[in-house]
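Chains: A, B, C and D, in written order; residue numbering restarts at 1 for each.
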Amino acid sequence: MSEHEGTSSGVERLRATKTLKEILDVATSFEATARDFYTALVPKVGKNLRWLVEDLAKEEAGHYTLFSGLAARPDLERLLQAEVATPASDRRFSDAVLQPDLGERPDDQAILQYALAREHTAMEQYRALAENTEPGPFKELFEYLANEETKHKNELERLYYETVHSGGV
Amino acid sequence: MRAENYQSRAQPPSHEYELNFGPNHPGIEGNYALKVRLHGDTVIDAKADGGYLHRGFEKLMEQRLWIQNIALVPRICVPDPAPMELAYSMAVETLCGLEVPARAQWLRVLQMELSRVAAHLFTFGGHAATTGMYSTMFWGVADRDLILDLFEELTGGRVYHIYNLPGGVRRDVPDGFLDRVSATLDYLESRLADYDNLFFTNQVFITRARGIGPMSQQQALELGVTGPNLRATGLAFDVRRDDPYLVYDQIEFDIPTETAGDAWARTLVRRAELKESIRILRQVVARLPGIPGPIRAPIPNPLAWNVPAGEYYSRVESSKGELAWYVVSTGGAKPWRTHIRGPSAMHAVQVLETLVQGCRLEDVAQIMFSLDACPPEVDR
Amino acid sequence: MSDIDYKAKGSILNPLRTLSFFARKPVTMPLAPRVAAERYRGFHLNDWDKCVGCSTCQKVCDNAAITMVRVPGLPNDPVKGVRDMRPAIDYGRCCWCALCVDLCPTGSITLSREYVHTCTDDQLSSYFILPDPKGIHGQFLGQGWRKEADNDLVDHARQAMGEMTPAARIGNFAEMVNGYDRQQAILEASRCVQCGMCHDACPTHMHAPEYIRAIWQDDVEEAVRQIYRTNPFAHTCGRVCTHKCEDACSIGHTGEPIAIRWLKRYAMDSLAPERVAAIVAEQGKAAPSGRRVAIVGAGPAGLTAAFDLAMAGHRVIVYEALAQAGGMTRYGIPDYRLPQAMLDRDVAVITGLGVEIRYGVRIGTDVSMAELRRDHDAVLLAIGLQYGRSTRIPGSEHADVYRAVDLLREVSAGNPLDVPKQVLVIGGGNVAMDIARSLARLQKIRYGEVGVTVTALQALGEFPADREEIVEAGEEDIVILPSRGPQNVAIEDGKVIGLRTAAVVSLRDAEGRFAPTYDLDDVQFHPGSWVIEAIGQLSDAEAVLGSEVSEQVEWRRGRLATDANGRTSAPWLWTAGDVANGPDVVHAVADGHRVAADMHRFLNTLAEVMA
Amino acid sequence: MTTDIGQWLGHLIGQVEGVQHRGRHARRQRLDVAPDALPALLELLQGKGSFVHLSAISCVDWPEDGQFELVYHVWSYELKTLVSAHIRIPREPGRYLSVYDIYKPAAFFERDIHEMYGVFFEGSPSMEKFILTEWDGPPPMRKEFDSENWVNDHFDWQDYHPDWLNDIESRGGGIAIRPDEQRFSRKAKHES
């Protein structure tokens, strides 16, 4: 599911520090990929699962818009050059930029498991970034994102258990 | 009773007239009354006239669940309601084959004899009042109240105990209750001397009561007289002894009799019975602590209680005489038929009608009270 | 015999001795009202927190003195057996017998220690009281008559149900519960106070008070008549119903609830199938309507709807993918709980009405939904949840990791299973218990001993399974490990060797929703050669409908969107049963009735249009 | 009581034709007898059996059989046994013989049965009304007379409007189940 061994893009990113700009770029493409992935999945799943995929796409699109907006703000340009320590979760986060292969007609459980893993990675990444960033607008941004992703992940977890563990039968 | 029902029974000659004696509860329309035909102040004929004091018990009982009738039957006789519950319960128990636990039987004796004492105190008072001796009535009613206090504690009700259920009784004695019974019995015994002075050995009362409403044993048997009224003619018959129920066969008591068969003798029998009841109650107080529970046999849910088909005639000795229920079940949730044989129904109609023949008007009330007739039980 | 001799003692002077009373101290009683005795039967008090509005007091009242009053704002929950009604007493009718106290199932009613209430003519309404804990005069003087062990008339104890001992039942699939005999059934039925809480709580609102009463009256035919008013799966529900009725039973507040399920079973078992069929026929089948209905799935929901629609005169054809009818009741419930012969009886009554069941036809594969639609006026989708969910933990894709429903289907169909000596079951619901106990029996038969371990996320008290299932599983030497979350299936040399679980720290989040968290420092290994997942089920509704129909209809969060009557956005298609509202037989029956009624309304309008 | 009541009674009633005898216990004996044999039986019981006390006469209505059952409860002070003699008479015309000549208390019971069931006793001293002097309806103890219906037809339920009820009604609640809808004794049917 979220195990994608052997992707070649990892090595160059194995640096101790990165600029905020670099990190934001990755995050933006992370959200864009997800948005595109879910959007592409919509016609592939049965109509009964479409609500789930559409919900997920909408969520990711929201984050993408937020990031694109930040990158375009001239007043933040200087701050974006600051170097921050690369979080331990960075590699997994970067890997998730790539689209997974869930097969031709993934079921609700598979979609949820993918989404859960993604949210978990994002949550860890943003939390670590928030810790590594000097106090200021970006620290607040990462904290905000970490909380968002945590909430989202919890929501998905509940949905997962309610869907899969369908109760006392 | 409406005015149009007060029509004279015949067209009497001018020197005879008719008097409606009663209804004896002036506030209640349609109560029991005695229509007396007089020649001067001498009674030449009398007819009992039933009323509507309590109405249609037997019909009502056919429409109620077996257990619900327990709430109804004590109302048939206010002065002595307890035996009504008991006799009805005994009939149902026989039909159901219920074994009443020993402790329940002793508790029932306790209730019965307390009720008998209360009823006799009431009767003394009533009888005394008919001869103008109202102090005895006040005393009797006040002392009866002490028994009612005990009933309130034991059963939750002062007059309508609703204490029996088919199968046993509803509650056990509360803490310290037997001590309070003993104290009340001590008090009542001590009062007996007062009653003797004021009433039983009062020469005015003796003179008023002796020779009034006399009945021979032969006459009493013919008229179906029972209870103290029968024993006052010398026949020592008592259902408790001769058709025994509860645990009366384990209790020592005498059956007092008199021979004169008049109003005086009837009252003397009751006075002696009061003492016998106290004697019985002392035995209950002494033995009850040693009788283990339970106080009720297991009974079904009252809402789903079919009593097996059958019939039974259950009899007890009430303070007024032989009390019986004839109960018929067709196996249903309600009685098919219940018929009460109340002692007063006999005494207040045929017996009273007979005994007042030839007596003087002022003795009619005394004869009635000396028979201890209970109008509600006539009307039932 | 008299002990006073009036001749000797009688004197006109004797009463004068009484004059000595003038010298005595007068007895003076205070004017203030005194409090009555501790068990005095005064005016009613009612503890509103205890009272559930069952109206038993009203039923036992001799004098029609009790009126039930609906009080807005009080809890009103049929499933919990609580009504927002409270008794009001008419003191123009009450006789203070206190039978209402003695028979009160909750013990909420007591009587006060007050003697008197009186009023003038213009205040007559003060004789009509809604008792609360303070009583008629708003002054609580302590409780008088109340329910104690001596005077309690509620019949608390249930008739014991005979069943096979664990040793006797573990080696076979024979039905383990004996059922009541006539005497037991009558005694058990006699405990009922006819409050009707069961009727309100039952999903299909069975006339339980009526059939319990009929059983008590030894009128089994009447009982069956009452049962069939609402439930054509009576043999089945008499055995495996989740009996919401018993949870709501008012006797359950202070005693054991009436064994309503077993009484239903008694009534059904007591009557020959021909008599049951004759009683059903009494209801009278309507004249043929000329309408055709297709029902997909011969489970309880589909067949209940088939029953109703056939009675209403419609031609009903049921398409069943498997070889026999009953759905999960046949292929999910083991024989020791529900012998298939009993299910056959229920089905026979329904087919006896002219309902045709075509077996072995899988809609979406053998016949398309479009064809069904073409050949019928209306279609009901009642396919249930036939597919097991997988945990998809690492290793769960191994061939020796099974879904419980698949195995149960094999057991019920009588197909041989190569059950190993030690198996592991994941799940705490009834399906988990069913597969655990079924495999235990197969192991006992094959190896002479049981080797089943059940792990579940829930703590023992929170298992979705019925209490008795858990107890009985324990009696059959099945090991149950609560609060363990599966982490991975251990595989060695291509073979399953066991399951790793972590301790569950918490099962629910702050909002009470299901979201387990694990303590990964507390991991255990459970050896076993098979792992069976019994965590949840899903349907293949989308596949049955086919993509064309599937695209046409509305969906709502993964399920077909329906109105309150089970009708989808396609005017010819309804859905019912577990696939719509799960997950037990009686809910499916209720669903079947509801949907059938709506389909019948629809078919009637069709007839009008055609005419 | 040392006498074997059953045996003794069996011997006595052997003199009356068609009597069936059952004993519940020593002090309760039941006899079933044809109506025309009852007076002779009672005379025998009273004269030879010392059953001098007529405790009661009970009437039981059996509408489905079209019969009234009359039960004569007699007691012997000597034998200490109660014998209940049962007869069945046709409900129509509901006539029977008075036993007043044998037992005086019969007058009271017969008058009562006449008033409550409409059974006429020939030779009874008074068949006048006793309690129901203002009643011109059917004999009320007959099963077909439904007294509760009669009450409901002739009397109104008290119409109460206490403040608490007005308040509850203003909040959307109110009387939900009237007592007459639920009264259990009314619902429970007779099974016979």
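We take it that a contact is a pair of C-beta atoms (placed from the backbone, for glycine too) under 8 Å apart; a residue touches a chain by one contact, two chains touch by 3 or more.
Given the structure is predicted, the values throughout are model-derived calculations rather than measurements.
Of the two chain pairs examined here, C-D and B-D, it is B-D that is joined by more C-beta pairs in contact.
Inter-chain centre distance (chain A to chain B, centres taken as mean C-alpha positions): 95 Å.
Averaged C-alpha coordinates give centres for chain C and chain D that are 47 Å from one another. Mean C-alpha positions place chain B and chain D at a centre distance of 21 Å. Taking the mean of the C-alpha atoms as each chain's centre, chain A and chain D sit 92 Å apart. Residues of chain A in contact with two or more other chains: none. Within chain D, contacts with two or more other chains are made by residues 184-185, 191.
Within chain C, contacts with two or more other chains are made by residues 59-60, 62, 194, 217.
Every pair of chains meeting the contact definition is listed here: A-C, B-C, B-D, C-D.
On the side of chain D, the complex with chain B involves touching residues 24, 27-28, 52-56, 58-61, 71, 73, 75, 77, 80, 82, 84, 103-105, 107-108, 116, 130-131, 133-134, 140-141, 147-148, 184-186, 188-192.
Contact residues on chain C toward chain D in their complex (touch as defined above): 55, 58-62, 64-73, 84-85, 88, 90, 92-93, 124-130, 194, 217. Remark: chain B residues 64-65, 67-68, 70-72, 135, 149, 152-153, 155-157, 160, 162, 170-172, 174, 194, 196-204, 206, 254, 256-258, 264, 268-269, 271-272, 275, 295-296, 299-306 touch chain C in the complex. Residues of chain D touching chain C in their complex: 158, 160-165, 168, 171-180, 182-185, 191. Residues 1-2, 5, 48-52, 56, 58-60, 63-65, 68, 94, 221-224, 226, 235, 237, 242-243, 303, 306, 309, 311-313, 315, 322, 324, 326, 328, 330-334, 336-337, 339, 341, 345-346, 349-350, 379 of chain B are the ones touching chain D in the complex.
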